[in-house]
Amino acid sequence: MSTVNTILQAVKDGQLDPAAAEEQLRGKLFHDLGHSRVDHDRLDRNGAAEVIFGQGKTVDQLRDIMNSLSQHGQDILVSRLTEEKAEPLVKEFPGSVYHETARILTLQHTKPELTKTFICIACAGTSDVPVAEEARITAEFYGNSVKPIYDAGVAGLHRILAETEVLRQARVVIAVAGMEGALPSVVAGLVKAPVIAVPTSVGYGASFGGATALLAMLNSCASGLSVVNIDNGFGAGYLASMINKIA
Amino acid sequence: MSTVNTILQAVKDGQLDPAAAEEQLRGKLFHDLGHSRVDHDRLDRNGAAEVIFGQGKTVDQLRDIMNSLSQHGQDILVSRLTEEKAEPLVKEFPGSVYHETARILTLQHTKPELTKTFICIACAGTSDVPVAEEARITAEFYGNSVKPIYDAGVAGLHRILAETEVLRQARVVIAVAGMEGALPSVVAGLVKAPVIAVPTSVGYGASFGGATALLAMLNSCASGLSVVNIDNGFGAGYLASMINKIA
Amino acid sequence: MSTVNTILQAVKDGQLDPAAAEEQLRGKLFHDLGHSRVDHDRLDRNGAAEVIFGQGKTVDQLRDIMNSLSQHGQDILVSRLTEEKAEPLVKEFPGSVYHETARILTLQHTKPELTKTFICIACAGTSDVPVAEEARITAEFYGNSVKPIYDAGVAGLHRILAETEVLRQARVVIAVAGMEGALPSVVAGLVKAPVIAVPTSVGYGASFGGATALLAMLNSCASGLSVVNIDNGFGAGYLASMINKIA
Amino acid sequence: MSTVNTILQAVKDGQLDPAAAEEQLRGKLFHDLGHSRVDHDRLDRNGAAEVIFGQGKTVDQLRDIMNSLSQHGQDILVSRLTEEKAEPLVKEFPGSVYHETARILTLQHTKPELTKTFICIACAGTSDVPVAEEARITAEFYGNSVKPIYDAGVAGLHRILAETEVLRQARVVIAVAGMEGALPSVVAGLVKAPVIAVPTSVGYGASFGGATALLAMLNSCASGLSVVNIDNGFGAGYLASMINKIA
Amino acid sequence: MSTVNTILQAVKDGQLDPAAAEEQLRGKLFHDLGHSRVDHDRLDRNGAAEVIFGQGKTVDQLRDIMNSLSQHGQDILVSRLTEEKAEPLVKEFPGSVYHETARILTLQHTKPELTKTFICIACAGTSDVPVAEEARITAEFYGNSVKPIYDAGVAGLHRILAETEVLRQARVVIAVAGMEGALPSVVAGLVKAPVIAVPTSVGYGASFGGATALLAMLNSCASGLSVVNIDNGFGAGYLASMINKIA
Amino acid sequence: MSTVNTILQAVKDGQLDPAAAEEQLRGKLFHDLGHSRVDHDRLDRNGAAEVIFGQGKTVDQLRDIMNSLSQHGQDILVSRLTEEKAEPLVKEFPGSVYHETARILTLQHTKPELTKTFICIACAGTSDVPVAEEARITAEFYGNSVKPIYDAGVAGLHRILAETEVLRQARVVIAVAGMEGALPSVVAGLVKAPVIAVPTSVGYGASFGGATALLAMLNSCASGLSVVNIDNGFGAGYLASMINKIA
Amino acid sequence: MSTVNTILQAVKDGQLDPAAAEEQLRGKLFHDLGHSRVDHDRLDRNGAAEVIFGQGKTVDQLRDIMNSLSQHGQDILVSRLTEEKAEPLVKEFPGSVYHETARILTLQHTKPELTKTFICIACAGTSDVPVAEEARITAEFYGNSVKPIYDAGVAGLHRILAETEVLRQARVVIAVAGMEGALPSVVAGLVKAPVIAVPTSVGYGASFGGATALLAMLNSCASGLSVVNIDNGFGAGYLASMINKIA
Amino acid sequence: MSTVNTILQAVKDGQLDPAAAEEQLRGKLFHDLGHSRVDHDRLDRNGAAEVIFGQGKTVDQLRDIMNSLSQHGQDILVSRLTEEKAEPLVKEFPGSVYHETARILTLQHTKPELTKTFICIACAGTSDVPVAEEARITAEFYGNSVKPIYDAGVAGLHRILAETEVLRQARVVIAVAGMEGALPSVVAGLVKAPVIAVPTSVGYGASFGGATALLAMLNSCASGLSVVNIDNGFGAGYLASMINKIA
């Protein structure tokens, strides 16, 4: 938290009176828009700029937050954004891109250089692709190389076994599945890398909106596996990036 | 229950025969519209006029109930009212106001004087603002001063810690959050005032429509905290008013 | 229902008066012990004698039912029987055997000849063996050849893939698993035979007593698979016998 | 897996070098369309061509997969397909048929000869018919004779008892029911054949989208019964076909 | 509420001053033991003396309540009472009887004359008998004739169909079942009388302590059926008595 | 079952050969429309003609069933029927009436004479009225007198206490409530008659579509109360009629 | 936070170097016992010393924490403490008292003066008394006057209505109930004070360990009511104290 | 998979005939003990020897598996092992150690050198320590340095904020919490490292055995966080080791 520390040091050194310091600090730390407190300290603190959870926000609110981030020179990622809301924003923010399948809007000032190690993203069925893509776009936004293996569910094991080599070379694997959610267990049994399991809401009847896949993944008999929320491709991509970029 | 007591005393004193008294009492106590029994005794009994739960009622039913309350000179608050249903009612009842974000219609004959102590309403994310606003409009309807702190979730603690002073000066705090619902626990750990926790249905996947936030709040490790129903901003605002106005 | 039909024919032919016939029929069809109505018609109707669900019955009740079945010359199988209750019964019924791991008591007058085709019973972990054994003892009670593959969960795929040949030769497969319950999906993807999936209560935390495995199996992406109740090894063994003995 | 084995034998015999073999094998085993890995090995492995789960796939994706299967000369069945998506596909694929009630599209090069033994499909209410029809169309696609008994719920037992003869002649019975899901238990008590129970989402209130019927069927006191997912007519029809065609 | 009305009339007539009246009324209406407020008004109001829910009460508390009821000359029924707690009470209260299977203690000053119409109590399995007996003892305590049909589950329909005549003559039927809970639906389809369905906790795995049977009964496709809590034999017996005794 | 018995007697007396008898019997017992088996025996067996569950049936299916019932001279009640589906049917069936709030269509050849005893139907809130009306229309269809008390929830006890006299005169009470579902407990504590509790889906958040009200009613501390499915006004009205008409 | 502020001021004034200050602060703020970090700052911050959650802690851990608090001169309250664990602690800590029904151990250096306003604690049944007592002991520990009304459930309304006067005079009401949890709704409809609802695990079957009462209270149609966790008498007593002591 | 590859190469080179190779391979890959198939290939495949899930296994089975691993020179870790079962095993296997709080038995031939980077393990309350210790013992077994911060829940934020420096230096953080499970969200908001969230079953009432904490963690508003099963300290320790050892 270098910027913040500098201010604090100045207070300590008597170069800044507390009231003035407080105002500066607050502006550095967050920007209060009334409806939102944009977290400008996050890059320092967590190593990545704030991302915007698009669901449940109005276009006006999104515009305000994007402007606040832009003015601080930060890259922008809006997740879970419907096409309808994305349209006006893409027009207003030059350089922004809407990734339709992933439902993500990104705006980056410079393309990051891609990592040499890579993240492998496997998904069980064609219907799981949107969630896998949310993970992929997120991981690439943060500069990771990604290799996808889509529609490789356990009912036809050869489809995933054919890619054992790729899976074993990945530094971290994201395994996405709905229905019975068995893919992550099978994958974790094949590799030495951490596996991030993403349940999806794909299915019907007793899939209960993805709860079944979620529970199955939490009870995996394989080791080295952890789980994120149902359909949370963003969370998986973000965490995989953290692990892939460990120096 | 002064009015009712007067009637009863009259019966006791022989100034009123039971049959006549009964008719009077029934009219005082409630007004039977067939579909609804408007509770005119509530102001005496509970210290506040009946409020109308707007969901699931037709415009015709709402109009009947509002007329019945108006004729008794009572202030009116209709909660969970869609914009579509509000429109004709606002036109028909001069002086009524529809608060769009809060989904509340109010009609007050005289603005109440505001309390000197205040209620602090904090919410975790921008998407929780509608529920926080439902609490705010309700509290203000009953004459309370309110200070809002919106979008101050626990993933960026400095956003809520920056307001510790305000939180500690409040007589009662309402903490609104969806997703993992952690804000009320953190807030209750910082203050000496009662904290009313309001879970919201904001989230997706394993948030199960707010059930996760609800359960988390009920299991808070902090003391001095109680919980209302998911998205029940009205209930929180009403209860906070009760506590704030304790003399 | 040959015996019953004979009686009915006799009534039709006037050789038996209805009242007498009714008494005979009732005795043939079931034996009313007060607490239990032993179903002696079941062999005719369903192709197998009544089996006794041991759980929740007292030793006295079990003895009465076993005596009633014995007097009609039927073989006896008591499932879900604790060792404590089994002990006195084994002593009183010569020839009866208590299978400890499977928690089953059997009493057979003549050993049935074993089928040429066989049932394969696979289970995911060592802790699932009791349920697998309940299925095996049941299937063998009805005269089926059985080949077990125990502790072959999906986290080490080679343990089940090593047995692909055996799985493919089986006429029907029973796949038993707790935790995430993925084994049946993997097995069903490898074979042409029907797969009966048996979830077990093995696990902890979010396994919720086997509910997770049950849900996973119901949502299998593989075809040709159906599911029985949690820990219902008996049901799986019985159904597998039905299928294996189809002529 | 004859084709695959031939390739492997060639490698062993030195007639094919591993790299070339791998390429051949991959093409034989599945066809990678990017979004989907069409499983061309499934007919060899499971005795039936891959079927397409229509829900959650776009028309473009469905067309790609259908083309891939067509080029390998395989029959096609698309389940859970809305009328809206079916329309363009029926136009583009001559000979394809859309079964509206069952929500299935089929495309068969030659009609299979029907089996001599038959599958009986019973359903409890008129509202369960769509699921029963999904089972029927599936079973007939694989060449099975089917006899339906529709609207024969347990509240009017004579409606199902009137068909006892048909039920007893069937080689396997599919029993479909929503609400309390009692029909499969009653049917399984009447016959010697395996019963496949299919819960449906028919009902309201505490039917919880079919969960009640599902749970009831899993707890059946009758033997010889197993269960598939809620509304999974396809799964029941496929499994019944497997059992009916046992030689 | 004759006694109470007499007191009130006396107040009205000036024969009793309010303070004295209040004291009398309170003693008539309930007896405050500190831990319990024994409801002595219940016989007047509900037509039956208060019954004691034995679970969770200490022997000391039970003794106090029984003494209070005894002193008012009321008959006593304690439900859900363990054998261990019953033992000392049976010794202290001469004439009291402990019904072991039903877990009920009764103490009646005069045996009531039995009704001419009767209640039929059917249960699905031997393990359901304790709940059926709780209903029977309760119904007989209130003077009803009862005819039991035990162990007549739907997997062997002839066992219940054999009793169609008895079922049809009953004025009200209690149908008790665990597991899939199908018996009440079948029974309600056969009779013109009201059917009270009692789910039991008999079963394992996905029976979830009786929740499955409960849900099944609530979703019955038969009419004329209502449901009480899991294992609530007392409630069923009490309600059946109410209906059977309608004049 | 008089008609059926006549046929059977004729067979016994040799006046009818079995094959002819079977055909006659089947026609009497039910009418197989392919999609539906209309139960014409129900009036004999259950004392009331079959009613039609409108949900999930097409207009064509409803028309077929109504015609079948009409041809047998039976009165018709269709429940859970949307206005959209009702419109064409009302036009085609002269004399039929659609009750909009109750979502019921009725067609009666002669109005039944009303009972002298009556059913009291109380509901907790204005939003519960549609379910209460479903119960009322059903009860009146079967010839019962009904007295409604609407919007009398427990938060304003005087609204229900004001009607104690009416409640106590009723032969059976239906108590309808959503949210916390407390009304039936309070009512059952006031009366000697059976209380049928009907949970409704009115509420939001943790009301979980009526599950909360349902559970609360099942756990009532009051005796003489039983429960039907969420929103099942029909079931309550039908059962209340059964009890009210006990001679 | 006076002590802490003094230290900080000393740092600012140069009277204390940061390293020394840090050590002092940490000792003031919490005491790290390895297994526990005793929060000595809590009295300053929350207005009440830390309380000890007894469940899941060993006697050794409890002794360590109690010693740490004692050495700082703070009063001690241990909740959810079994009698077995309490015994040795009561012996070792002179002046400590174990409240058996409430399962609480307290140790107070001086008895607090009792408030003039009071808290009313009502419970629905005798079996709910332990939870009500946990609330009472807690409230009295913090110096509040308490008036209990025990066993006043809604099935006998007169038992609670008889205490309307007491309820209306209370500054805050705690309403404790298991089973259907209706008491808080009824109480909140009678008073102007805040009502804290405490669900208990009293009940069986579909009470699901108190979940039903919890859900019912969250859905109360009455206003001014909030809810704490199942059986959380401590939380209710603590919160009631906060509200009762508002100056 | 070096050993396996050597064998395969030998087959290819004609130095080993297939049948002999198969036997060798099977022995290398797993050891079939009848009840268990010990996975000797796991070290090669997953980078860590098989660990033994102690729950549900008999002492005899555990001894067999430990012997099999020992004979292959592999280190041994048995998780979820009761003290009772551990006792005989510790005696029989010299050098083995039973970690009582963590319920883990370990047997290591040489102590691994500890990593320079470290894993930080934070837990919310003293009652969560056993799960945190399970994670610590596991991580140390695999040679990781660990720094624990125990009893630092969010109700006293200063206890965790005091350790911000340690948290930020860790390469990966494990955050363990029961009740409302808020600690991982707060921690993830403070650090740049991946956070592994472990819900525990600590709590009561609506904690539902840890389900509440689990759901809260899955819905965290913080990024960089993933979740393992309730009480799964082993899984968290294993995964943290994988991440900490990334080169």
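Observations on the model:
Order of writing sets the labels: A, B, C, D, E, F, G and H. Residues in every chain begin at 1.
As a convention for this text, a contact is a pair of C-beta atoms (placed from the backbone, for glycine too) under 8 Å apart; a residue touches a chain by one contact, two chains touch by 3 or more.
In UniProt terms, the chains line up like this: A, B, C, D, E, F, G, H = Nickel pincer cofactor biosynthesis protein LarB.
Computed from a predicted model, the values in this text were never measured in an experiment.
Path length between subunit B and subunit H in the touching-chain graph (shortest route): 1. The interface with the greater number of C-beta contacts, when C-E is set against B-G, is B-G. Using the average of C-alpha coordinates as each chain's centre, H ends up farthest from subunit F. Placing every chain at the mean of its C-alpha atoms, the farthest one from subunit D is found to be G. The interface of C-D is repeated, with over half of its contact pairs matching by residue number, by B-G among B-G, A-C or B-H. Averaged C-alpha coordinates give centres for subunit G and subunit H that are 37 Å from one another.
A straight line joining the Cα centres of subunit A and subunit H is 26 Å long. Residue positions of subunit D touching 2 or more other chains, listed in rising order: 45, 53, 125, 156, 189-190, 205-207, 211, 214, 218-219, 221, 223, 229-230.
All chain pairs in contact, by the document's touch criterion: A-B, A-C, A-D, A-H, B-F, B-G, B-H, C-D, C-E, C-H, D-E, D-F, E-F, E-G, F-G, G-H.
Residues 124-125, 153-157, 161, 179-182, 185-186, 188-190, 203, 205-208, 211-213, 215-223 of subunit H are the ones that touch subunit B when the two sit in their complex. Contact residues of subunit F toward subunit E in the complex are 45-48, 51, 53, 171, 189-194, 196, 214, 218-219, 221, 223-230, 234-236, 238-239, 242-243, 246.
Subunit D contributes residues 125-127, 129, 150-152, 156, 158-159, 162, 202, 204-207 to its touches with subunit F in the complex. Across the complex, subunit B meets subunit F through its residues 26, 29-30, 33-37, 39, 41-42, 45, 50, 53, 55-57, 61, 65, 80, 199, 201, 209-211, 214, 229-232.
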